[in-house]
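Take a look at these structures.
Two complexes follow with subunit A in common, the first pairing it with subunit B and the second with subunit C.
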Partner chain A sequence: MTGRVSSEVRLARPRLRLLSGVALLMFIGLGVRLADLTLLSAQAMVRERPRVGSEERRQRADIVDRQGRLLATDYPKTSVFADAQAVQDPAGTAAALAKVLPGLADDLAGQLASRKRFVWVKRHITDAQQRAVIRLGLPGIDFRTEMHRIYPQRELAAHIVGYVGVENQGLAGLERSFEQRLHGPGAADGPLRLTLDLGVQEIVRDELGHAVERFQARGGSGLVLEAGSGAILAAVSLPDFDPNRVHKLTDDQQFNRNTQGAYELGSLFKVLTAAMALDAGAVRITDGYDASQPIKIHRHEIGDFHAKERWLSVPEILAFSSNIGAAKMALAVGTEGQHDYFQRLGLLAKHPIPLPEVGAPIVPRTWRPINTVTAAYGHGIAVTPLQAADAVAASICGQPRPPAYVVAENPPAARPAAVSARTAEQLRWLMWLVVAEGTGSTAKVDGYQLGGKTGSADKVQGRGYGVNKLLVSFVAAVPVAAPRYVVLVTLDEPKGTAETNFMNQGGWTAAPTVGQIVSRMGPLLSLPPDDPATEQRLRRRLITGTAMNGRLHVNEPSFKVSPDIPWDDADGGRQGCACEACSSPG
Partner chain B sequence: MLKLGLLSLMVALAAACGVYTLKHQVQGLELHLERTQDAIQDQRLALIRLKAEWATLTQPARLHRLAHAHLGLVPARPRQLVAVKDLPQRNELELQQRRYPALVSSGVAVPLRFKPAGAVDLAELLARPAERGRPPVARP
Partner chain C sequence: MNVFDRTERGLLSRWWWTVDRPMLAGLLLLSIYGVVMVFASSPPVALRLGFSSWHFVIRHALFLLPAALCLFGASLLSPRGVQRLAIGLFGVAFILLVMTEFAGYETHGATRWINLGGVAIQPGEFIKPALVVLTALLLARRPGLQNALPAILLSALVAGLLLLQPAVGMALMVVALLSAQLFLAGLPWLWVASLLGGGGVAVWQAYLWFPHVAQRFDRFLDPASGDSYQVGMALRAVASAAWFGSGPGEGRLKTMIPDAHSDFVFAVVAEEFGLVACLVLLGLFAFIILRGLQRTELVSDRFTMLAAAGLLIHFGLQAFINVSVNLSLLPATGVTLPFISYGGSALCALALGMGMFLALVRKRHGTAAPP
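Right, the complex of A and B next:
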């Protein structure tokens, strides 16, 4: 056989060799690929596996206060559904479920018999209810867990935090303006940290709530700023709302008085008028004006609420809140100077705080002398409480400081100093006098030397002003020698009570509210009480005497500042605003 | 030739056994991984729930109410804050506790006491009755 190889075989042999060669090559190729996949590329394949357990199921980042306390978070809520095709006994299943889940649909048995692949049994059950349903062991019943936005602090910071809609999209507050940061890729940066302090926020809300209740006000606002850094520690607007239940909110509830409400703040502006007059050199703190006659400009006559009808020193203009004196100071500065100064304080433009609800100030279209005069005591110009607090902080700090902000990451850049350090120091003393001897004495707090200014503005109604409808306010700096905090409270149409001798002005309503807030928040923020030497140092500048009241013709106490003690002296080196966060941001 | 075929068969059998065992192990590991991942997810959900619950239970208003109702605590007043440097020395406090009888001109013995040099009289501070603040008003 071997010797006689047929011609066919001889012909086929090279083909067979070729064929087996090709087959061999293919197997070698397979073998190499197998070795490559299992031994060499194995690591790469492991890495390609999706990482289960990452944050992909979180939809929005948390919002926390400056201490990390939760303000808004995604919360897993479990719902029960049924696959009707897998349900064996619709009536029995419905009856069993009804025993552990209250409030089920009446026709559940009918729906379970419908052979639909998906039927909601009940939305948002508790963990205990879920365990009870599992224990029933019903076929065709299953659970689905979805993330819902909840606000554990409820009303506490509702206007700042805002809320989301049914699709979990931000509709108001930071939830809306920080949508990109909270939702999607931005959420990976972790929780959004605010400058708010929930402890202080609660104190402000509590005290403001009591004040609104006690004086039957339509609402109110409360703000606490860190004077030097501009960080907002508390911002409350009443009435407020629970962001967990937003289906029927009134406009009143949603309105953020601190940032949206542009109000004529009245006498509060005299602080700013004094600041610009002193800073521009239009008046010295030792000077004064004749306030015996009302000012007449065109058809308008400007008089004083607490009329003294005599010569008033600059400290007295602030302490007794004289419109005539403030108007004369503003006229000394001039219309242009006032406009420039308001511009520098950011009172003529929208506040840059990144909230969707920010109102523009209402300012005169053309700035005439009459506007200068009314703006001197806070009429004819309407700004938000946030703007006013910022402007007062800038005026009493006399150092570069950023405008007020509420989100701790990327704080805004500092604005240049609005006034000199010397003016700021004089202003702090004037504000101290308002509380020590003037209209703000009801704000006094045992332990702290406060500086402040009252405001009681007639509310604009239609084209004129309402009768005894006031928007009262009080702004305070604490401790006044080197302010750490600025507190501003407004009350909308407060009514006097027997306790206040039926007076409803800022000194009777807003000032004591600020006093209460400061006395509670000071210890919480570890603010050391002022030593008696501080008061002595402040009081040393004060010269008290008597003067004849031109209206009542009686002698009354008068105040002047001692010209002998130099300002910005080495007296303990107290200048500008103390600020813990400024030296070590973040 | 037969030997070679037998050897190949044995190698193939061994390889098959090896692959089967490996696959079994992998399945077991995958099950374990899945269970662990489920457990991680459950724990994470539980953590979110607990954090939210904690935030709700520690609302400042609620703590204020509970501390007042059950412990009689009221907010601290500014004067209750004292810097360490203002505290009197321990020996001064001990001296303060001692009474030194001194005879006055009328012939009566009066107990004299030392007063600490520090700015704050701690004993007096502690003896002051706690000011009862107005009870907090619950708001829903």
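Right, the complex of A and C next:
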């Protein structure tokens, strides 16, 4: 290099040297960092490595009953797949796998030769099978673990819980309507707690199943509500299904009778009619009607199944289940009053329970006197068992109460009281009488005072009613003096047996089923047996032996209510329905 | 025994005796290293993308031929020839860069590639070496920093086009290269300090204005704030290395790094060949850079000094930034490892750049190139 080098280039040389120094430092820095990472931090890094196969994370929130017992949960299931490009001997691999895994696809060898990067070999194998496959040591065979929804209680609450599809998406029941809560951002809130009590649910399913079998019914439904709070303790619909196996479900199995089935419930409605008429002041409990002649409206003639052909008191109308008496009570209230009362009970709209499977009631489009008459004894209006249980509970509680609900998280707001406390108390007495002396006496159980009402309705077939094809029902309140629970059972087309003298009405089939349920669930729910004094207090009002305005056959029972005992404080201050959830603060 | 006689006056003979042979050897070693590494890193990526195992290896080898020709051809040039080549290259790359804005196609959320007769080209890679020579030419035309403004405007224009793609890493590289050249052109120390400050501001602005830059920074500063999958995997690959790595073909984490064959090839080198191989690679880079700067000190005229330094710093900064990203010292940038990473555009552009560098620092006996 010569003196021709410009002064500026000469001035830049120190700066170039500075750059060299900086570059050297930078690369030394990289070398130090590299050595630190590879030799010193390596242990710490390896320790915090996440487990490969982190797809085992939870996908859906659990569903539990009121005591936290599992109804639905996620469980990992292992599947075998092959990377066909890594499989060295397709035929040999397929043969070896077939020895430890039953039921493989016939063309597995062909698929393993396809060079596809992913071929399912078998879904959902057991741990033992997985160990066997690992022991084979086949190249290209690997496992994938996925979360699957399982229902450890199987059929027990299938219609309420519902089920999920292949992609774990809710397809029915709460699994579907609470998809966001279970699978979406709400999943972090922990398990979805229901009001159901698996113990009671099991009892109801067991007893209902026995009844369906014994009476060769097509199916049935069973409901247990907390009368005051509306919480559903048990809801069973038969036939049911196992939500773990939902490939081949019949419509019958999936049908939730409690919420989807709109049925004419027959005489059960007389409880509502009596409550309506007594509350409106259209009739007093000491009054009665002439039931000796059938009612004729237009071309229709209304008669009684248990015809007495005489004047009947209000208690007798309920106890003997007189259509004529009920019709006259309803006519005394009037068409508009009946419509309003049914509306207040929530019978004219879909039940608000948040299930996807809720059916609308079938109600008369225009409400004429003939509709009033038939609706009085539960014909010409079809409601779901859930609606009916709610309506009965509202009529015998006489206090604000929420409609029946099944998810404990958000109880619905209370509806205003449907009837006065006095009317409710009279209704409870009338229902006691039905069991104590009337058509519901087959529901009697030791230890608990039941009040109830039977229902037997001819089923609609085509354009008319079928012959002796009944939808029978029984609704009960227990203990009747201050009900804690309302139980409602329906049976679809039961057939009489020798034991029931070949009778198939509600009193012979549904009522004893309810009795069995109550006698088993009482101890489970720590329901104290009734004091004999309560029975005596109830019986004190009853006057027998003197019929109203009519000739009495020999040995024929007759009931009237004593006008001497006032209603309001007769039960020693106990009023309405017990409701632990309502009274407890928070 | 030498093939060429010292007294022979032929083109090749003159080249052989004047070119910086140790540096040439360094670049050759680097290329061979690169082939081996693409062998190691690319098969899982190729299989994942549905190609045959050796897809990227074959393509990389195919790109090496034109790259070697570029390097060799450019290194034959005189300084004036380098100027002409740079001007031509800049013109073509600039037009392609503008076309990319309209006719380019998008990958990874940025439009950086353009398809020319079946060959995908990244014009941004080519314009950087050409721009460095052009700014050197502009700065050298007048003494001191009197011609700084045109150089700054030209760089700003290119940086702006790169930002549109957006290729923030490349734009920052353009700014860094210009800054280095201004520094060598005699920028007062006060200005140097304020430029360093300005660089900080520029990074901060990029953080504010470009969401993907902001994300990368956030993930870099706080790995828990988001998905830093590649960087995290690369870090684990490096950490699993120890002295000699897992052995060729035995790496496992490499199969989980989507860009294992390009931006994260260094992590694969670490996983499979270990600390020693990585230090050898770093040493090779350091040798080329230090040797190059040393040679640059020997040149006699201003243009040659500025252009050579710019080209060399481009090469060195690429290497430094890429390795830093692999070692989680810098957020992910999309800067490749020179001569090692898979990628035809970057390989050819860098070969061209280093070829021009070799041409500029060839021994000349006091003959300064006319400005």
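Heads up, the rule we're going with is that the second predicted complex is superposed on the first by the 460 of 586 C-alpha atoms of A that agree within 3 Å, B and C clash if a C-alpha of one lies under 4 Å from a C-alpha of the other, contacts with A are read in each partner's own complex, and residues count from 1 in each chain.
Definition applied: contacts are C-beta pairs under 8 Å (C-beta built on N, C-alpha and C of every residue); 3 or more make two chains touch, one makes a residue touch a chain.
Treat the numbers as computed from the prediction; the structure is a model and nothing was measured.
J.: Would you check which partner chain A:Gly199 touches, where first means subunit B only, second means subunit C only, and both and neither mean what they say?
T.: In the superposition, A:Gly199 touches subunit B alone.
J.: Give one of first, second, both or neither to describe whether A:Asp531 is in contact with subunit B, with subunit C, with both, or with none.
T.: first
J.: Can A:Gly447 be said to touch subunit B (first), subunit C (second), both, or neither?
T.: After superposing on A, A:Gly447 lies in contact with subunit B but is clear of subunit C.
J.: Just checking: does A:Arg17 make contact with subunit B only, subunit C only, both, or neither of them? Give me first, second, both or neither.
T.: second
J.: Answer with first, second, both or neither: which of subunit B and subunit C does A:Ala95 touch in the superposed model?
T.: Neither partner.
J.: Counting only touches as set out at the top, which of subunit B and subunit C does A:Leu39 meet: first, second, both, neither?
T.: In the superposed model, A:Leu39 contacts subunit C only, not subunit B.
J.: For a test of understanding, state which residues of subunit C touch subunit A in their complex under the given definition.
T.: Residue positions touching the partner: 47, 143-144, 180, 183-186, 235-236, 238-243, 270, 274-275, 278-279, 282, 285-286, 289-290, 293-294, 296-302, 305, 309, 313, 316, 320, 323-324, 327, 329, 366, 368.
J.: Could you list, by residue number, the parts of subunit B that touch subunit A in their complex?
T.: 37, 40-41, 44-45, 48-49, 51-52, 54-56, 58-61, 64, 75-81, 83, 119, 136-137, 139
J.: Taking the touch rule as given, give the residues of subunit A at its contact with subunit B in the complex, in rising order.
T.: Result: residues 52-53, 57, 69-70, 73-76, 127, 145, 150, 152-154, 156, 198-199, 201-203, 205-206, 209-210, 445-448, 519-520, 522-524, 526-529, 531 of subunit A touch subunit B.
J.: Contact residues on subunit A for subunit C in the complex?
T.: 1-2, 4-6, 8-9, 11-13, 15-17, 19-20, 23-24, 26-27, 30-31, 33-35, 37-39, 41-42, 45-46, 49, 85, 117
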